[in-house]
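Below is one structure, written out as structure tokens; the observations come after it.
Chain nomenclature is as follows: A, B, C and D, assigned in order of appearance, with residue numbering initiated at 1 for each chain independently.
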Amino acid sequence: MTTEDFTRDELMEVSAARALAGARTCFVGIGLPSTAANLARATVNPGLVLIYESGTIGSKPTRLPLSIGDGELAETADAVVPVPEMFNYWLQGGRIDVGFLGAAQVDRFANINTTVVDRGPGKPQGRLPGAGGAPEIASNCGEVLMVLRHSTRGFVRKLDFVTTLGHGSGPGDRERLGMRGAGPVAVITDLGVLRPDPATAELVLSALHPGVTVEQVRAATGWDLKCADTVGVTEPPTAAELAALRALKSAGREGR
Amino acid sequence: MAEIRSLHDAVADLVHEGDTLAMEGFTHLIPYAAAHEVIRQGTTDLSLARMTPDVVYDQLIGAGLVRKLIFSWGGNPGVGSLHRFRDAVENGWPRPLELDEHSHAGMANRYVAGASRLPFAVLRGYRGSDLATRTDTVSSVVCPFTGEELAAVAALNPDVTVVHAQQADRAGNVQMWGLTGVQKEAALAAGRVLVTVEEIVDELTPRPGGVVLPTWVTDAVCVVPGGAHPSYAAGYTVRDNAFYQAWDPIARDRDAFTRWIDENVRTEGAVAR
Amino acid sequence: MAEIRSLHDAVADLVHEGDTLAMEGFTHLIPYAAAHEVIRQGTTDLSLARMTPDVVYDQLIGAGLVRKLIFSWGGNPGVGSLHRFRDAVENGWPRPLELDEHSHAGMANRYVAGASRLPFAVLRGYRGSDLATRTDTVSSVVCPFTGEELAAVAALNPDVTVVHAQQADRAGNVQMWGLTGVQKEAALAAGRVLVTVEEIVDELTPRPGGVVLPTWVTDAVCVVPGGAHPSYAAGYTVRDNAFYQAWDPIARDRDAFTRWIDENVRTEGAVAR
Amino acid sequence: MTTEDFTRDELMEVSAARALAGARTCFVGIGLPSTAANLARATVNPGLVLIYESGTIGSKPTRLPLSIGDGELAETADAVVPVPEMFNYWLQGGRIDVGFLGAAQVDRFANINTTVVDRGPGKPQGRLPGAGGAPEIASNCGEVLMVLRHSTRGFVRKLDFVTTLGHGSGPGDRERLGMRGAGPVAVITDLGVLRPDPATAELVLSALHPGVTVEQVRAATGWDLKCADTVGVTEPPTAAELAALRALKSAGREGR
């Protein structure tokens, strides 16, 4: 295997894992965030404490959990707590450094919709799963990371519903609403990484994955995406990162 | 005081048409067998409460028994959509579905208030979210000490709560362990409580993470080994992830769904495995 | 992240003059050794919080280190009065003692609010009691859904909380079991956390009723075998009921008390057993 | 041992235990209430579920606990829960039939003072232990039993401090304050039993212990104590009751 053999999804997953370097605790959403957080434990951050909303603190699964309540999450945890305690003492208690979320729709201020999407005139709104833990994860963690695939369906000019507040309508909104933490600090996609502009809180292109152009990212974004002063290029995944990611995934498939 | 009785009789006595019914279990210990008994008995016009509706409520919704859903995340965990839930919300099939939609933190605290017999609970939640605009069970209170405004959620007190646990003793005391989610709160918040268990044991041995429901807080205990399938009971069964994945194409199609329910749930003696 | 360090150094670094200090443990696991270290270091002007002050706070009060007591039941359990507490309240000896007095339910909920980082908690409490008239940490809120008036208690967030536990691992993760009272809440509500433990083990084995404090929520772990005496640590020591009974005549007399503290606590190398 | 050989205290303790016949669950204060509740389990109510505020549900101690947090209470319990859960889900949740309380001072409406007592002009108030669980026990249990020795110091015309509301200033006060349950239904002493008059909620003499006169009780009561329409006489302790009581106590002493 050479480091050239990787997919855009793998680039996204590896980039997402790298974003967890240095974090102590991570509240992990299921799906891509869980892949990233588990990969971080296998690579850049072996001591990362994974916290799942099912009540597990310090889970150390050896394969990717399919659901947020897989038995292995509990069996390998430092502690298992009731769900109300998780949300009240641990999340609301301000104990968690990073909240890692997925999303169906994101707008330029990193607000999130996971509730309903408009599907055009005469059609009923499309129903999404709903909020889950996201609104309070976004308002109580030290910072928020997001990971989702890049498309104009996902990166929209205007959300059909605000499930979870990111930066609201710009600087000062979080403070005004009494939300703690820095809010979304990076949105990692299969094309690159968006970060909020420090002055405007608007998501701007901060890094491109190798081989991706600015035009590709702009074409996949529903608003007029701006670039940061300098747009970096993601380091390609290392052989070790790819091996760890693929091992996690194949162990996950075997476990099902 | 819990009586140990058949699932048929317990469901018939404790789950009534029009009830607000909570069947809790956070991925783990979901009381599927009891839900299937509800489908067989055709107990309808239910308001179902559950943080994560899961496939279990997809089945009840598709079976046409549900008027309203009180929830915070309605997906097939790790797989995708709950198609029967979506079809009911988007197209009103087989009947329209009213929603009372929350965040997880809000739902958990609604049960906490219910178990505490308080009319509401306080949290830092719903800030900047459109969720609060769509329900009458979220409001706000002002802290009398600091003046800070906080979210208030209305207590959730189901008419009846159903949970699945690993063990009961002969007196009807119940113990569950592993991920225990909001089951204690959902049970203590309810007017009536039905528990299905993997087995009856002579004596409950205290377990790490064990949650005990004394016999005097529940109404019926039913022995239903495997009663959480395709969810699981730690120490007894493992989660049938393949079933959750196989559910996706079944639930996508109304006819396939109805056929599945007829063959696996409604048919006399059918056991959905 | 907890460092494993000496009790002397941990107390010196974490417990400061003028702090609000909670040393919790409901009869079980009371951190006496840490309290004695506070006496030796003479850390003064403390506001002490504890549901049941017990003999441990009688000693700190009599030693003259306490400005204020936040509590709900101040007796020598099963024996009688706390004479040093009474003497301070009634006669201002060795210094006047300000009181912030609650019911158990109120104190427990003040810690819950503190651990939840909410400014207040709601309960059905203090109704018809004169308690609410004597403190500014009890108020009321009106339920926005039902209009019912309920008691509100202000969050209690100690500057520092000290608890005793049975075990820690080398990374500083702590486990306690048996009666665990409000220790989790008191620890999670605090700005700094010091834990004394009976022993360090290679690995924490999950226990029935076990409460785990991960290393990243505490600041220091000190190995102090028998550090709860005359309280106890289930599985390690038993409650020294005779000590609690013998305390009564010692504490009745100012000189006898001072002598006892000098000989058993203040003297270099003294171990109060 | 004949049934004649018993003390007034034993009469009080046996009477208190008998008052628990038929109860399912009892929230047990330490001291005399704990003696009574444990004796009830050994005699009239073997299935009685003892609940202590330290967090134990269904304790079955073989000796009288000295404190509310004795190890045996936890070791023999059906469940041990955190203290906040005990007060919120179990007590406030309305799960408990009978609250059994002691008291330093009681007034004619069974209000309780355990906070401070006046000791005369020029003297500081005498300090008592405080409220403990009592205010919420009295407002959340199905009914309240009280046990204390009879004296004018304990049974007073006016409380120096209302720690715990019984019947307030008479009928309707509990309802007005939103308190649940029937409140105090009996005060058992070493002289007899007082119960609230159904019409006035005022404590009246309902039963005398054998050999005690109405005048003795009135002399030990700080208000003008009235008698119920019929004043019964307590059945003397049976040999079995006395044996059980003494066994509990001597086991308690040995355990110390």
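One rule holds for everything that comes next: a residue touches a chain if its C-beta (ideal position, glycine included) is under 8 Å from a C-beta of that chain, and two chains touch if they have at least 3 such contacts.
Computed from a prediction, not measured in an experiment: that's the story for all the values here.
A.B. asks: Please state whether B-D or A-B has more C-beta contact pairs across its interface.
C.D. replies: A-B
A.B. asks: If you average the CA atoms of subunit B and of subunit D, how far apart do the two points sit, in angstrom?
C.D. replies: Spacing between the chain centres: roughly 41 Å.
A.B. asks: Give, as an integer number of Å, the spacing between the C-alpha centres of subunit D and subunit A.
C.D. replies: Averaging C-alpha atoms per chain gives centres 57 Å apart.
A.B. asks: Measuring from the mean C-alpha position of subunit A to the mean C-alpha position of subunit B, what distance in angstrom results?
C.D. replies: The separation of the two C-alpha centroids amounts to 28 Å.
A.B. asks: At least two other chains touched by the same residue of subunit D: list those residues.
C.D. replies: Only 88, 92 qualify.
A.B. asks: Scan subunit B for residues touching two or more other chains and write them down.
C.D. replies: Answer for subunit B, listing residues that touch two or more other chains: 112, 116-118, 123-124, 148, 184-185, 209.
A.B. asks: Which chains touch which?
C.D. replies: Pairs flagged as touching, ordered by label: A-B, A-C, B-C, B-D, C-D.
A.B. asks: Using the touch definition from the top, list the residues of subunit B that touch subunit D in their complex.
C.D. replies: Within the complex, subunit B contacts subunit D at residues 1, 112, 115-118, 173, 184-185, 188, 204, 212, 214, 216-217.
A.B. asks: Per the contact definition, I'd like the list of subunit C residues that touch subunit D in the complex.
C.D. replies: Of all residues in subunit C, those touching subunit D are 26-28, 51-52, 71-75, 77-79, 81-82, 85-86, 89-91, 101-105, 108-109, 111-112, 123-131, 148-149, 178-182, 184-185, 209, 211, 232, 234, 238-239, 241-242, 244-245.
A.B. asks: Using the touch rule from the top, collect the residues of subunit A that touch subunit C in their complex.
C.D. replies: 24-25, 49, 57-58, 78-79, 88-89, 92-95
A.B. asks: Write out the stretch or stretches of subunit B touching subunit C in their complex.
C.D. replies: 116-124, 137, 139-146, 148, 150, 152, 154, 206-210
A.B. asks: Which residues of subunit A touch subunit B in their complex?
C.D. replies: For this pair, the touching residues of subunit A are 30-31, 53-56, 65-71, 73-75, 80, 82-84, 86-88, 91-92, 111, 115, 124-127, 129-136, 139-140, 161-165, 168, 173-174, 177-180, 255-256.
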